[in-house]
Every structure is written in C-alpha cells, then in structure tokens.
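In the two assemblies presented below, subunit A is common to both, partnered first by subunit B and then by subunit C.
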Partner chain A sequence: MANNPTNDSAVSMTKWQLNGQEVENHAGMTIMEAAKEHGIEIPCFCYHPGLSIAGNCRICMVESNRSHKPVISCSERIAEGLEIETDSEVAVDARNSVMEFQLINHPLDCPVCDKSGECVLQDHSYAHGPDRSRFVEDKNIRHTKELGPDISIWGNRCIVCTRCVRFCDEISGTSELCIVERGDRSVVDVFPEIPIDNQLAGNTVDICPVGALISHDFKYEARVWNMDRIDSVCGGCSRGCNIEVETLDGFVKRLIPRENLDVNDWWMCDEGRYGWRHLYADDRITQATRDGAEQTDSAATDALEELLSESGPVAFLIDPFLTCEELHLVQGLAASRPGSKVGGWLPADGTAASFPSGFQISAAKYPNRSGAEQVFGDQVFGDDAKQLQKSLLSNGFDTVIAFCGGHQSTGPGDSWTQALANTATRIVFSVMNGPWLEGASLVLPATAPIEKEGTWINEDGRLQRTRSCWNPGTDPFAVELVRLQALQHALGLRGRSLSAAGVFRELAAANTAFSGHNHSDLGSPGLLLSERPAAVASDGGTE
Partner chain B sequence: MTFRKIFTQHIAEADCHTLEFYQRNGGYKQAREALNGQDPDDLIEQVKAANLRGRGGAGFPTGVKWSFVPKSTDKPKYLVVNADESEPGTFKDRVIMEKNPHLLLEGILICCKAVAIETAYIYIRGEFVFATRRLQQAIDEAYQAGIFGNDSLGSGLKIDVTLHRGAGAYICGEETGMLTSLEGDRGQPKLKPPFPAIEGAFGCPTVVNNVETLANLPYILEIGAEAYRAIGPEKCPGPKLFCISGHVENPGTFELPMGIPLRTLIDDHAGGVWKGRKLKAVIPGGSSAHVLTADECGVAMDIESLAAAGTMLGSAGIIVMDETTCMVDALVNIMRFYHHESCGQCTPCREGTGWLEKIVHRIAHGEGRMEDLDLVLEVCDRMVGKTICALADAAAFPAQSIVTKFQDDFVAAIQNGGSPAWKRRHPSAVGGAASHG
Partner chain C sequence: MANTLSFSSETMKQYEWLLTRYPTRRAVLLPTLRLAESEFGELGVPEMRFVADLMEIPPAFVFGVVTFYTHYRRAGTGKYNIQVCSTLSCALRGSEDVVSRITERLGIGPGETTPCGQFSLSKVECLGSCDTAPMLQCNDDYHEDLTLEDVDQLIEQLRAEADGGQNG
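Now for the complex of A and B:
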C-alpha cells in the first residue's frame, strides 16, 4: 500500500511553486512525479518508474529558481520555496534542444518501424521537435544484430537511454546488456557469446522508448494503431500478471504487461508473453463433436442437455483454468444432481523463479486454483479429487463432465484420462486435442485463459478480472459461460442468461467468501478477496 | 620573499625520484608532524587559510572541499587522487609523478590525516606508463620505509595507497566518471547530488583531489598559510605548474608563481613564438578553455584574472598558435577530440559533439556554407549547461570562441574552397568542391 497516502499523517508536505502556482506535494518527491499530480506531464525518455534514475536523456529539463542551468525533473526533488517553470523560454528551449539532438542521427524509418505509433520519440517529436532538420551531414550507422533468441537491436534507432541495460541490471538481475562504444557511436550490445536470454527479456522491448529493441515474435506483424487492446490477466501461472492483449482482426498479435504494483509492477515473463501460439495450433479444439461427428453450436448444447437430463448423479472434473463464474455455474449443476461429486485436476508444477526486483514466477502454471478452492472447498484438488478418481475407476458414475483447459499436451494426465475412459457417458470441454478425448460422447471446445471473461484469484488471494481477447459478438464457439447457462436454463435451473458480471453477482450472493465484491469495483487492478470494496465494507472489512 | 620552486626544484638530478633523495631534502617531515599529533581540524583550517585552490581545473578551495566530508560516519572514507591528466595541452601532474612522486605521496598522507581517511587511490592515466612505474616504485619504497601501512610514519594510523591505472578515456578525468571507472563500471559521470564528499567511491564519502593540489600541502605546512598566501594573488595563491606547447621556441612545464602574465610566460620563459613569427591565438587552460587572441595575452595567469578575461585557468595547459595557424583546422582537431571522447551518456553532448565536428570538418574541406557559422554557435548554445558533466561545455567553449574571434579564417575557408592546409593536400579539389544546400 505504498502508494496509498490515506491516514498517513506522518508524511510531511512541501510547498513549492509550479508555473507560478503555489502547490503542495509529499516531501521528497521528484519534480516530475509532483508535477504529474498537478496534471503537468513532463516528457521523458530515460526515466521509468520501475528503474533507477539515469538522468541522461535530458528531455525533462525545466527551469528552476535554484539553478542557473535548467535542471532535470526526473532526479531533482521538490523543496520549500522551489520555483519551477515547465513552459518558460528556458525550459522550452532546453526541451527543443534535446529533441533536435535526438533526431539528428535518428533514421526516418517510422514507416517500417514496429515501434511507430507507440514510440516515445515520435510522440515527443510531434510535441517538441523541429519541423525540419538543420542537420545536413551523414547520419551515423550503428549495428543491427540479434542480441538473443527473441530480441534484436536496430542500433541506428537507439537513443542510448539505458532503460534496457538498467532493466537487466536491476529487475532481472542478469546484466546481459551493456552500452558499447562512446559518444554518438554508443549503442546497446551484449557481451560476446552471452546472448540476452533471461526469463524477463521481453520487457526490454516494451520499455525501449524507440524501435531499437525489436521482438522477433512481433516483428512486422501489425501496425500498433490497427490493433484492438483489452485489459486482461495472464493465465500462465498463479501470479496473475496484469496484461494487455492486442489483437488484429480478432487474432492475438502480442501480449504486453500492464502496470499493477501489487502483482507484477510493469513486467511479465517471456513464458507468459509468448505463450499464446497454441490458440491457433492445428490441434486446437474449435468444433463440438458428438461420437466423432461435428455438431453446430446449438446442436452441441442440445446434446449436452439430452445427455444430462437422462443422467443420475454426475461426476464433475474441474480444472484450475476455469473462472470463478464458470466454477459457480458448475456448482449450480452439481447441486441440482443429488449424489454428484466434484474434484479437480492440476497440471504438473513448472519451475518457480524470483528476481532481485521482487518479481516472481510461480511454479503453479495455472491461474485459478484459489478460486476453485473458494467455490468447492480446499480439498477439491486434494481428497475430493482422490475420491472422485477412485469412484470413476470403480465405475461409480455413468456420466462425467470434465474440463480440460490449458495447453499442455498431457491434458489432465494419464490417470485422469484412464478414469474418464471408465465412464459410459463422457462430456469433455477441452482446449486442445489429446488422448483424454478418445471415445468421448461429447467433445466441446473450451476457452483458453485469455479468451475467458470473468475473475481469477491469484496465489496472493487477489481477485482479478480477466477479459476475453475476442471482439464482442465474434466468438468462434459458444463459450463455457454461455453454454453452461444455456444448459441450466434447459434443465430449468435458471431463468435468463447473464453476463460474467451477472453470474459473479450470483456467486457473491451465494458464497460469503465473495460477498461484497463485484466486477466494477474490481476494476483493472483487482482487489484482495479479503479486502471488500469500500462502499460495501460496512463491517469495517478493510484490514 | 623570493619564489622557491617546490615541484621542480630538483628534477634535473638523476635520482630525484627516490625516497632517499626526497628524505635527504627534508621530505616527509611535514607529513610526519601532521600524522603525529596535529589536529585534523587544524590541518583543514590551515589549508583553508592558505586559500589553496584545486589545480585540476575547477579551482575549488581544497580546504572547503575537505570540510564537506562528514566527520562521523560508519562508512569508510576514501581519497581518490585524480592523476588521469588528459586535458589536451596539459602535462604537469606527469612531471610530479615522474620526477617527484614522494611529494605527491606526502600530500596524500597529510590529506588522509586531515580528513581521517585510511585508504587512498591514485587513478592514473593509462597512457602514463613511465609515470606509473615511477609512482609504483615510490609507493613500494614508502611502504618498505613504514611511511604507509598499518603504522604510517610511526603514528599508529593506518593509511594505505593503491595505484589504479585508467584505460584511456578523457571522461575518466571528470571526478565522478573517474569514480565509476574506479568502481569497475563504464567510465561515465554520475548525477550530482550526491556529491563525492557525501557519496563518492563505492558509495562512501570521498575526497577527490588533483595531483598538483596535493603536492602543495607539504609546502603549506612548512611555510604556513600566511606566507603561502603571499605567493601570487591573494585569492588564488601558490606556486603553479604551467605547461606550454605549440608554436614556441622552448615548450615545456614551468613552475612559476600564480598570476604571472601570459605574455611573460610565453616570451620570457618559453622563448617566445617560434621562428620569429607573430602570435595569433593562445588557449590558456587546456583545450576546453575559451581561446585568447594575441591582443588578450596580457592577462595574468590566475583563476580570477582569466575568468574576468572570459576564459579559464583550467589545467594551465597553454597552447600557443602562431600567425600561420588556420583556426579552422585547429578547431577541427579540437572537435575531433571531444567527439571521440564524449561518453555518450547525455543527449546534447553525445549528439552535439559529433555534429560540431562534422560541420567544422565540412568547412575545412571546402563544403562550408555561411549559415554554418551561426549553426555552430547555436549548437554550442544548445549544449552548454544541459548535461551531467562539463564535457559538453568543454567542447562548446573552444568552438564558440574560435568561431567568434577568428571568423575571418572560417569565412575564407568557406569562400575559397577549404582551409589552406586542406587545399595544399588536395590541389585538384580547390574551387571544385561540391557545396551543400
């Protein structure tokens, strides 16, 4: 809660002057941070809130009454009596000077540069740059080369802000990058034979203010202004890093991290970043099949109803990829069929990692174990699962509904595959094709993590909203949220279908662990499950 | 009082660099007294009273600098001796280190006592191979004689000194660039504040002093602050090493009282402008200083007088240019240096130094345009005072003053298809050079 100044009377305030106005900020803030609180955005290249201050780009220079030279606002701190001008002649000239210098050797290759459209240099050039160049000399040439398996440097575009170098020193702690050469020959490079190949390397491309660092995965894939963006959450592990999913014509092109100081700061790992190609893999299940025959969406839902209306008690095998909303719907179905049992399967653990900056990668390669445990109890992946498997193996159920999310080629694993195969009527929701689908009565396509609309609870107990990367109305198949509600309707369990937010309202009303929460209060950053939104916290529930 | 040389008195003698010779001539007497019994604050007060100004270029009062170091700190404190003498035209510290290394070591001891420092580093320019050898020899001798070590000069104080070689970067002569290089990082200046006195080498309080500055200390203790202040001008007193190079009959390093007139220095000590030619221009304080025309050379060589003349004493590296010098070529040379040596950290310097060299180079090669003269001055304006360290200023100052004061040379090069030297080398290109814009 470092950023929450509530009830912190110990923080002293500093009075200073910004553009002739008396203003007040917390003592010790930099001019740049403090000015931002008053709605004045000072441009920057080398400054990044997650990195140490380098003070090298000089674009953030402002005029100060304490110095005969302009000062850099990223590093200078506010003080009593300080008078800062951000738009005086001195400040404007300093800014324009830096822009002119930045541009003299910068290539005019915006039309073929991947950064174009989200380039800080381009933005500042429109705002502060000259409209023509006084530079008639030859531009400098610097190297273009691969720095690692996923990243290349376009040296000519590099403005030597050292954000990427500081990232590798301070955040990943791997220090692969350095600046070589001096003066206007300076450029980012790696040491011979030591490529940049750390688990967080992709972030260097995001924080590059220009198109110097280029991601091989995204190179020439899309112009950024043509893409649609949606705030989402990475389902790659139980950290639940906040991300933006960017799509072009409905196809995912890139995942980038989204700031959340309580979860992932400004970063995400490469495993999550590049872990979306399976969405378009050949063995992706996108079509429902009944006993091997392809079904339309509505026929598949009818089949589901038909199979279930004839059944007695049903075994439900859930997975830790389902959203809390989907889990709630499963619970409703299970409750309506007396004698039903619910258990869950977990993918095998991967490798955990933690970094000097505090950034963590979880070994649990799935997003919502906590949510499933909140809905079905903390033994849903433990004793409940063991019992379920046992009774399936001893032919205890005629009907099973299994959820096989995730993109692992092993699916729910051999023992579950075997247990499922023991059941006469097998209904399987699956993202990928695999042996666990062999002989299934009904196979239904399932959504992968970034295609889901709903909430997950990460390993810290933080309830976060994830949003579907599909454009509204273009779902390639009926998603679980829709299909399960249609089924409930057909079985007479529900009146009308609701959005994810509506289903969540039902969950919050039914389950005390969720009570008080709702989608809109979660917003983009999410909330701890234990931390109720202020408006509802009449019992003083904020710890 | 007649002027007594303290740095170069004995440099003609064969064994002047040895400990034996140094001690025979009264060496380490002041340090011995300082280490055994003198109050550190008294030492700082004496240096303040003597008005000793730093000899590295900025001229900051040494005693005041020392007093910025926190007295009570749980961190170690360091002295880092700036021996990275790399300002073009400067070769004074080298003389001390090669010929009188124990004088520097004695100064180090006195500083360490005054500021309660146990570890001193000498950051020596990598190209100074001979000076490195001489200085290391002197350090070894001093350790053997118990002058450094755990019981320095029998005082019970632990004072160590380590010689560290640079790897050939001008920027490592800038104090914070030197500190980053010493720490093992890429030699780039650091943001200030924090200043080295608070957070310097390895994040600890650090005194950074120039070689010549420290070499003044034994003499100040010997003759007292008052007598020292009587040498040269009151505000900037003391003996001073002046380096004269360029078009003089007798170039070299001269030890003279601060404040000697530049013209006297050139004519009486350096044998005057060579070959009987006339004086055209003088750079008084290393290539980073504003250039002086022949008419301006009556100025006294001390910090205040040169500042009043619009230039600076800097490192006292005096470069003399005779009437045959083409100032366009001179500036190309200087600009090539700064372009090569800019560390590349701050945008205005990284890009500006290269731009300046390219423009001036183009003028010298007969492709100049009249508007380039204004452009040079505007680029300089955009560089000065906008960077972490002063390298951008150092590059801009000579460009500003040479283009302004010797505009005729530039106009001639633009109108006549290049500088005279370039035209001599490229006779066929004369008048036929393609022009820009």
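Now for the complex of A and C:
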C-alpha cells in the first residue's frame, strides 16, 4: 500500500559515505532511511514513515560535508559524494541542544504518564538529554482537555511534532486537528465543537511520540513495561489488520496496530481497537453446561464424545470466525460421519469505509470467510447453508454441532436459531450467551477471535497467522482446537493432539489450496494463498 | 452549526478577485480573514466557521492560522486592542516598563481585557518598527518612541474617547 522506494529494484544506486564508510543505497532515499539500512538509527520525533515529512523537530540533525550547519536527516536525501557523520561532535552537540530545548517546558511527569516506557522523548532524553536543567524560569502551562470521545490532550507534554495533525490530514482525511497559538504556547487542539471522532482516530495516540495524546480507554490501565505482547491479527473484519495484543496478568489491556505494508500499513480502525471488552462481559460463556448443569472441562469433553459416538450423520453449522485449523478439524469429523452436512452462517454486513491513504475497513465483520470457503467450497455460506437450514427445519438430522463465534447479540440469527431448535441433540460452541443456546443439550465455551491460535485468510486471499492472547495453561475453558482434537482422539480418528502449526501441516497435506504453506514461513506479513512460501524461504522467513 | 453569516456582495466580489490572485486556495486564507474581520468586526467561532465553509478548507486549519497570528482581531478583544512589542529592540529600550505602566493604569495584565470591555492588553513579537523602539500598536495605529508619560497620555486620551463616544 504505502510506496516504499526501497522495494523498487529498478532505481539506480547512490554511493555516499556514512561515518567514514563508503556505502550504497537506492538513489533518492533520505539520509535517515538509508542509514537505517546500514544499522544506524538516527533519532526522530516528527518523522513517521507513513506521513509526509515535516522536518520540524530537528532531533535528527547530522553533520554533512555539504553544509556549514548540521542538516536534518529525515528530509535531506543522499547524493553521490555526500559525507555524513551521525556521531561526530557537531552531530551529538546538535542533538543535545535540541533535547535541551525540547525539555525546557516539558513537565517530565513520566511517573504518571501513560506513554512512559514507550516514549520517544523519554528514550532520547536518556540517550541525549542533559541530566539537569539550565532553565530557571517558570515552565509554561498548556491546556489539558478532551479532544473527542476517546482522546484527550495533555498539552504540557506536547512537543508540537504535528504527527497527529498530519495523520488526520493525510491518512483519515478528516482534518480535525490543528496547532493553535505559536511559540511556546503552541499546542494541539480541535475547532470548537468539532471533536476528533473519525474511525481511525485512535492511531493518533499510537504515533504521538510523547504522552500528549491519551486514550481514554487505556488511561492509567497499565504500565507498558509490565504488559505481555503477542503478534496477532484483528478479527473485526475481513481486512485482518496486523495487531499486537497487550495483556496484563492475562487480561487484555490494549490493542495496537503492527506494521504490514500489504494490509494495514501502520494503522487499525477504532472499531477493531476497542472491540475487545466483550471478552470480559457478563454474558460471555465461560463454563460448559449440559442440559443446563455446569460441567468440568473433562466432563464436557466426555459428554461430547458420548453424544457423538452414537450419532449418525451430523449437521455442522460453522461460522466465519473459525481458523483454518479449526475448520480442518471440523472437516475431519464430518468425513467420519457419512451423510453429514456442513453449512455456515454469516453475521449481517456492517459498513465498509475507505480512506485517502488507501486504508480500508471491510463491511464483512468477520475474519475468515475465505478460509472456510477454501476448506468447504465456495457454497458453504451459500447453497450449502440454505440446504442445511432446510433439512434441519424438516428434522433431517438428530444431531447438530454449531459454532457461534463473534460477539454480536444477534448471533446466527432467528432462522438458524429456529433450525437448531428443531434438532434433538444440539451441541453449541458459543462465545456469548444468546437465544441460539436455548434448550441446547451441550453448551461449550468458544474462543473469541483474538484468543485463537491459527490462520485466517483475509478478503485479498492473504493467509495470516494469528496468535492467542492468553495462556492456555491458565484459561478457564478448553479451546476448540484442543477440544475438537480430544474428540477426534476419543472417536479413534487421530492419535496424538497437535499444536495449531501441526494441524495446519495436516491441512496443507490434505488440501491443495494450502499445500506448500506452513506456519513458520508465513512470517509476520503473511502470504497470498497463491504465493508459495518458497519465494521467501531463501531469506530466512523464520519465526 | 447553522451559519447565518454572509459576505456582502461587495466583499464577495473582493473575495472572488482574491481567488484569482493566488496559486492555491489556502494561500487566499490570510486576506480572506482580513475581509471577514472588517465585515464582521472580529474573528470568533462563527466567523472562522463561515470562512472555512466559504473556502472549503477544514475549520481546524482556519483556527490554527487565526490563533497563530496576533494580527487578527479575535472575539472578545476590547474596543482598544493595545499590543506592546516585546521583541529585542523594544525589550532593550524598556518595553517591560511600558507593559507594567499599562497594567498599573488599566488593572489588567497581558492577555487580559478590562471588565468594561474597553481595553485589551497583549505582548506581541516584533512589529517592524524597531528603529522607534519601544513601541505599541493600538488597533491600527502605531505609537512609537514611547516614554511612560506618553503611555499615560495615550490611556487618558483613549479613556476620554471611550467615555465621549456612544454609550456601549
């Protein structure tokens, strides 16, 4: 999506000198980007790879043989014969002066600042800042106020880098933010009564290099160094934005985007970002029940085995939240019960949106329709589903296993709820409580999208790996991946249980669409299903 | 927010002429704000919103520009807007004393307006009259080579003008 000059092999090369070494980079790169390719990180505040270059913070100054004064490396480009020093006395002096300047009015209230621990100013202050202040005057005061329903500004911390302003101008295209006043009074603000309230607004908090923009959702929730992080994929819609899920003591505290230039650049939408509270909602199903009576995990698996071992053909109702691995296990079960049928339900479409930067939100509010269609064929949510519903309604099956993922209060909808109610033995995996569970023989807790371990295929056909945000050792209920394998084992369909990667290997061996792929080669950007991993295997592609 | 403001047809003509004089629309913002200021008397929220809508540029951008400059008359400014230059030449020649004297006489500090709404005081950056430092600008007029007596006199004069003028 984002244009990345380094990926264009047609551009010519430029020879230049970096810290006394002759180096080569693609022509037209900035000094900062080029130096990074040689392992030299030049500090920056206002520069962000996804935004236009503003060149206002000056922290990135380096010494150049082409200028009497230090130059800013985020905007100066490399050229033949250019000689750059990033750590000479001139460069270090320039950086230290900028740091001293930045800290004149900065409150340094790190102990109560949410950004502390991931603050660019804090890092640079540690590396380049003076250990005491020569500033004896009073620090100035700037406003602390809500800019919108989810975001506030702590004006005293703002270093006026304009990243957030540029984000709203260039990425969301909504232009709610501006810098008001000037000099040491300048600070971010919104026009009176026009709050920042766009679908991508949360990203401004991520890219604020300091703790000036604060997310109401995360305020005072956790110190960032105490949290565990896991690379995951958002299940909020069929884009499958790459995200990091951050947890404290096993509880989700925050979702933030993870760079993937093929899917979401550096961004995610607010619906996905704040869409995890249902995990801890009162109507979350956390306990297995049989005919209304609570069951332990192992009793629930035994019950599952008991209900299935005597069954004839089984109706399987799948959902578009299941991973490819879970779907593969369902397929194995269906194949073992001749006469079984598989169909799927889809949540109602939401609204799609696209933004000036190319970022998109899909109307399909689920992650893996494409995966299910690869495993069960492209009619699994179409004709197959219609037929399945028809035969359930005419008492065509004694047993049904339904998967009701997602957090929609409507679940699979009225007609499916009715069809399920028509079947004598009803086994339902469900994330939330709802009418579709009424009268079920066996209710089993299911995993929500960010709790799943496995792969999804997004609407572009990109196979991406998502990792579970909780530790299965401490979770209160068995995940589908575990329970379905336990069931297969009990029914004599498999030997030992496997990890998600192991199940994927089985899938790849069984299904040509997946053949050649495996978890470790997917790397962090994922792969189009049509691209075989051999293409990346040469440069490592390890996980 | 429904906006009831509009430019007179005369001002509209000037605006349209301005559009032909600048390479980009945003570049026309500064003179358009001047037009709005003289048409509406001040630049408050409705006025800024009007200009933004007229020019089809984000209101926040207009807000940023208006507040960046001290040269625009913002809503709530007193009838007499006293801006004392505080940049180098003026500072060396005693601008701080000028400010203190005004504060003494009017009972307001920089950034404040008298309760009667007659006077506003602010410190501003160089007004381009360094050779006659210290100096201040009151509405559109420069007062240069100031002594503290000049300041007293100016305030007396403005007070008299204010009292003598229409009530209000």
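As a convention for this text, the second predicted complex is superposed on the first by the 524 of 543 C-alpha atoms of A that agree within 3 Å, B and C clash if a C-alpha of one lies under 4 Å from a C-alpha of the other, contacts with A are read in each partner's own complex, and residues count from 1 in each chain.
We take it that a contact is a pair of C-beta atoms (placed from the backbone, for glycine too) under 8 Å apart; a residue touches a chain by one contact, two chains touch by 3 or more.
Since the structure is predicted, the reported quantities are computational estimates derived from the model, not experimental observations.
Annotation: superposed three-chain arrangement on subunit A; subunit B versus subunit C shows a clash.
Of the two partner chains placed by superposition, A:Leu528 touches none, neither subunit B nor subunit C. Within the superposed three-chain model, A:Arg182 lies in touch with subunit B and with subunit C [touch as defined at top]. By the touch criterion defined above, A:Ala352 lies against neither subunit B nor subunit C after alignment on the C-alpha atoms of chain A. When both complexes are overlaid on chain A, the residue A:Phe101 reaches subunit B alone and has no touch with subunit C. With both structures placed on the common chain, the touch criterion links A:Leu493 to neither subunit B nor subunit C. More subunit A residues lie in contact with B than with the other chain of the pair subunit B and subunit C. When the shared chain is aligned, subunit B comes close enough to touch A:Phe135, but subunit C does not.
In the superposed model, A:Leu261 makes contact with neither subunit B nor subunit C. In the superposition on the C-alpha atoms of chain A, the part of subunit A touched by subunit B in one complex and by subunit C in the other spans residues 178-179, 181-182, 186. Of all the residues in subunit C, the ones that touch subunit A in their complex are 1, 45, 48-49, 52, 58-64, 67-68. Taken in their complex, subunit B has these residues touching subunit A: 169, 171, 186, 191, 339-355, 358-359, 362, 375, 382-383, 385-388, 436-437.
Residues 53-59, 61, 68-70, 75, 93-94, 97-98, 100-102, 104-105, 134-138, 140, 159-160, 178-179, 181-186 of subunit A touch subunit B in their complex.
Across the interface of their complex, subunit C is touched by residues 169, 175-182, 186, 189-194 of subunit A.
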